[in-house]
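In order of appearance the chains are A, B, C, D, E, F, G and H, and numbering begins at 1 in each one.
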């Protein structure tokens, strides 16, 4: 098995260097629970196999962000992510729309991920439903987007409201922002799954990364 | 204890005929699990103690509605409720705002309850957040109300949106409308408890009655 | 407000006849809790406003299916849905992939919905992960699709396996098929939300309709 | 959008300086997850737009409390909150009633919030239902209040008992006080939602702020 | 094993005829899921082994109640239970206290069970906490009891209030009375487990039987 | 109210010095969330009102244990509790039976509480059901007890097994010992509530205190 | 794909006729949600491919049991299952041990499944832990078994007790027998997952079939 | 009782030195919540009673690993476990198959436990279902195993896929790897319990130990 060219064995991990061939997207380093050295090692391995396009690591600790930066990667401290290699040309626009300032890290992870996966990005922040004029004030930016990633915690109402205004694909991201009966994002997750606006799908709590990969694939399918 | 004038003992129930003195509102017959004969008997007892104002029974079966009607009560088949005695003069306006047509029974229970407890009522239906123009089209009616009861199932987003538009007290009622991950109204309940709009409080799932009692008390407090 | 041309008031419901203008898709009749007469009435209203393209009613009882058929609609008894008006030209292909025979109603609802919303459909059934050769035997059909709707109950593993094979957008639909610790589809829902394959989003339990609307929008965005 | 006078853009947040016009209440700084500098900056911005009435920040860390005090704000260390600007004249009385000493922070947040929003406050502490004479001993204070905010953790029984004694609006606040099967306040939340006393509505666990905003609006509506 | 005198093998069940020797109480027939014939057969077997004291069957269907009556048993239709054989002499008093009329079946099961197990019983009904005067009106009966079984649904507050008034052992029984966020009695169960009054223990939802067995053992231990 | 002799107001807490008169047991200091100084202050107040019998504080931090010791109290470091004043004469025997070594703190809290409340105690440890011979080896000690407090975490099976062997009252205490699907003691709690052995009641997770108060009252009722 | 000899396409289902080659066991018809005609059709197809060994259908309705019997199958009405073809020679012994009479259907499904999959079976019923002598009375039968399937509802304690007595593999089956806080078998499931006896694994609630397949494979591995 | 030769009393614990006689396996030290000294003391006691075969301690802190090593034990830092005494001869092969690198600690605990209990082990890592070629690349190793322990977090799909490929007994271990809606491993646990592949049983979240004891017993039964 060690001879399988589709897999690079680093001892502590078996890197799937064939994924871009199968799915169009390189593997991404999920940094949670990995040491800074492991993050850098996998990132470099992926970069060697994909020298012409940025590869990415997410959910990095401060130490891993520092190590990645020292290894030549670009780091995004809000998104807690790092990229290595040149960004691809942006095609189309994913609007990353978020409800409150506390949702910023998830929105930033989504925005960076979409860029790494080839999409242009428009970031629209702090347009929660309790101040509807803020949302209606950015109506034109929503209309210009080819796909929407909508990020919200607490009651998670933003995707329903936005979903009634637009006809492009919408990926909803519940966040763990809230307390008490938010139960770590469960309230927002359930709300989004029960949205009365059609054409909305949902990813895991705080999973800005997954939403953006889907959004980028949606845009790519239209190229 | 049978001599306590604050309680009327019917054998199968001890009716709290003192409640209006203590709280300003007569006891209401909660019909679930009671026979038609029991409903009528309690309703009559309450009517005898409060001949000058309507008393009420809720959550009635078809049989109990029929029996109540035969006993001279007014029945509201959508609300599944009956009243006996003259309606009080309406003071102020509670707007009962609901998201979808399936929420009608809960909204109707709230509207009738508010009337029985002395409030005027304006019923605004089918203004779910996925068609924002429907809600914005009734903005003036929201502004005219002294208190709002907002009824919604599924993702339960309506109270958050309405709560950002008005400054009067708002009581939110989650309904069990929905399926799958709505978990019998839990999704809407959690969403409303986590609303980012301040000044919203929530009652039990499908409890249009309780929300309207509170709304009527709020209006009464301003008389 | 009765003069708002964006809404048609039928007394028991306010039909949003403006939705196609806003979002590109006509409103769809959600039949659960509606009488056969109400279903037919709303379906006709929508058809009058959209005579050139099929409109749709879902979650129909046997009685509502019968009434819709008598009113000239096409009915799909597996999907429990009816359509009125000519189907649009199919553009692109949504593969509706399901795990077991019990998932058929949800898959059928998804397939019909995708067609009504303008997508071509390839239906792939009974390819659960416990018989991997069945799934690998349809690999070429997965590869030919522009978007995938993957339907599964019980442990909900199919989207993860399919998601590792393809690079097109994938919408996962958990179903309530199962018993005991499936908790009405919760097990499949949680599994899909936690998929280790990137680029997967999830809709509510048994919501074939919602998944297909999103899939059709994804395809439309590429036209 | 930067020209919208209803919003002040601080870079890290878009402050809704129009809220008082829309709803009668200025925006409040929710301090959780914000740096002391951010808290002070938003508080000052709000103060500049509302120089004649106190603005408020809640859920402050020790550092944020210190920074707010250094910036000229009044701080309430039990409530973990700060105010800037002159308190409004008190109109009417909200009784903030709490069950145990551990509920003090939530009760203090409610009391301060009610004052900032224009209500007079009477704080009644440590009247849990297991010592009924303590509650009955303050009966007159309950009777004098125009609205009640009732705060309790553990089994959350206090609102039901108080709700049977009074006829004014009652807002119930479950707290996370408890252990084991209290599940972070869930037990108290469910108890309050199921109260057999009519006219009670509930806010999120530990949300003294939200309960008090509603209470203040109730009093204001009677002015 | 068929020779074990401690067990009587009826083919469909192995009756534990030794239990009274081990624990002082005969086995009781739990009727749910058993046919009327099986109920009668086990009841007779137990009666033969304990001719001098009543044996008991609970959770009986209408058919099983009828069959038991035909077989010479006494039936209690509210409690849905039957007894065969002479009642033991009553020693001491268990007060069975319940909150609402809907709790009657559980209270009746508790009362009958306590009698069968040798305790005297005082049944106190309809003393829910929202009408405190009803509870305080029976204070003397609470004080005379040697042990309390307190039955309540909805918010389950009654044991906490009663538990603060008395010093004798108190067994709390949550009932499934309620709707929505009562979640089949879960709300009352959690409330009782979190009671702030010390010396309270709780049995399963609707388990009047189990509470009464414990209460009778408590009384017996004092003989 | 400050003149009410049934309550001593310490500023930060209102001590219920009347409880012993009402219920036979003095109030106990629940130390969680209280400062060492507060614990000592309340303990002293209670001691002054009950000089002839030990008063008690539970759930103490290391600091509070130290402060209590310095103030003349006896401390039990396993139970994390302190007592002040002479122990009452022991009457009868409560057997505190626990399943595993990790349950020791809860068992110790129960044992000390039972002693403070007047019961004699026999502590039986480490007799989990997976080594039945250990349990059967202490059968005689179980038989000699007047009441049992049975403490177990993980699957919580011990009360069912013990409950089938004895006929005296049994109070079950689930503990939070376990991991994964024990969900903080929920598994043991549910198991105990569903015990097939009759005559078992359950207290909150880790609530050795509450179980022992009930056990002591049971013994006292037999004096 | 229709040419794949590993799959037989019946139109309404694709039968995996290759499973015995891959895993040693033929596919089994899961009857829930299938018509009697479908059950018979699949059973016959499987029988044609495996004429020398019994094939099986489970979870059959009364109608499906009748149809299967008419088609020549053997039916087991307690297990709600049918078999077609000759039983294999029994090798080794699986003891199917159950706690109460209500667990009989699940135990019967397990016993029949084990036989169909080649194991000998010893059925031990009604040995719940609250009557330990019944369990200890069958100790020798437990000791003679090569593998144990232990079936229990309510508190699910039986596997822990049995697991401490034996050293052979033990598969635990929680059942939905119980009420209230059993939550449809969840209590028993959690208890079994948290068993303190090592070497126990658990299957889904009421899944006697799955447990027996595993048990038969365990025995087969030793042949 | 101190004379019972089946139990060794260490003061802080009663060691079950008879377990190997009863079940074939010596007791294992569960290190969570024990001091390093306690771990070493119990390990030595077990070693004295079983000098000819390795005894084991699991869930060790860094300090306990260090203390065990100093006491002559072998330590496995990934598994957080220690063994004392000679490993038994390996009979048969348990394949420990895991999905991702984060599952390594659980897989290592399973592997070491299987060895201590007499099985040979083949460790197969990082073969998650989203890269099916990795799993199919080790197909021959799966086929050679006598029993499988399959370890996975997140969506827990691996046992279903593996279970469709093999016919030997399979024990599934959900891990707590994941975030958000994984709810600490609950998603993986539910998925595994609902596996559509027959012959799979499940142990507690992260319980590699328990799965391996069962696997070793399965192999031993075939000797």
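The working rule: a residue touches a chain if its C-beta (ideal position, glycine included) is under 8 Å from a C-beta of that chain, and two chains touch if they have at least 3 such contacts.
Not measured: the values here are computed from a predicted model.
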item	value
Common touching chains of chain H and chain D	A, F
For chain B placed onto chain C, the superposition rotation in degrees, Cα atoms, nearest 5	90
Interface with more contacting C-beta pairs, comparing E-G to G-H	G-H
Inter-centroid spacing, chain G versus chain D (mean Cα positions, whole Å)	57
Euclidean distance of C-alpha centroids - chain B vs chain G, Å	51
Whole-Å gap separating chain B and chain E, where each centre is the average of the chain's CA atoms	36
Residues of chain D whose C-beta touches two or more other chains	131, 164-165, 180-182, 186, 189, 193-194, 204
Pairwise chain contacts under the document criterion	A-B, A-C, A-D, A-H, B-C, B-D, B-E, C-G, C-H, D-E, D-F, E-F, E-G, F-G, F-H, G-H
Residue ranges of chain B touching chain C (in the complex, touch as defined)	101-102, 125-126, 131, 133-134, 137-138, 177, 179-182
Chain F contact footprint on chain E (complex, rising order)	22-25, 28, 146-147, 164-172, 189, 193-194, 198-204, 209-211, 213-214, 217-219, 221-223
Residues on chain D engaged by chain E in the complex (per definition of touch)	99-100, 128-132, 154-157, 160-161, 163-165, 178, 180-183, 186-188, 190-197
Touching residues on chain A, where the partner in the complex is chain H	1, 4, 6-7, 12-14, 16, 18-19, 32-34, 174, 176, 184-186, 189, 204-207
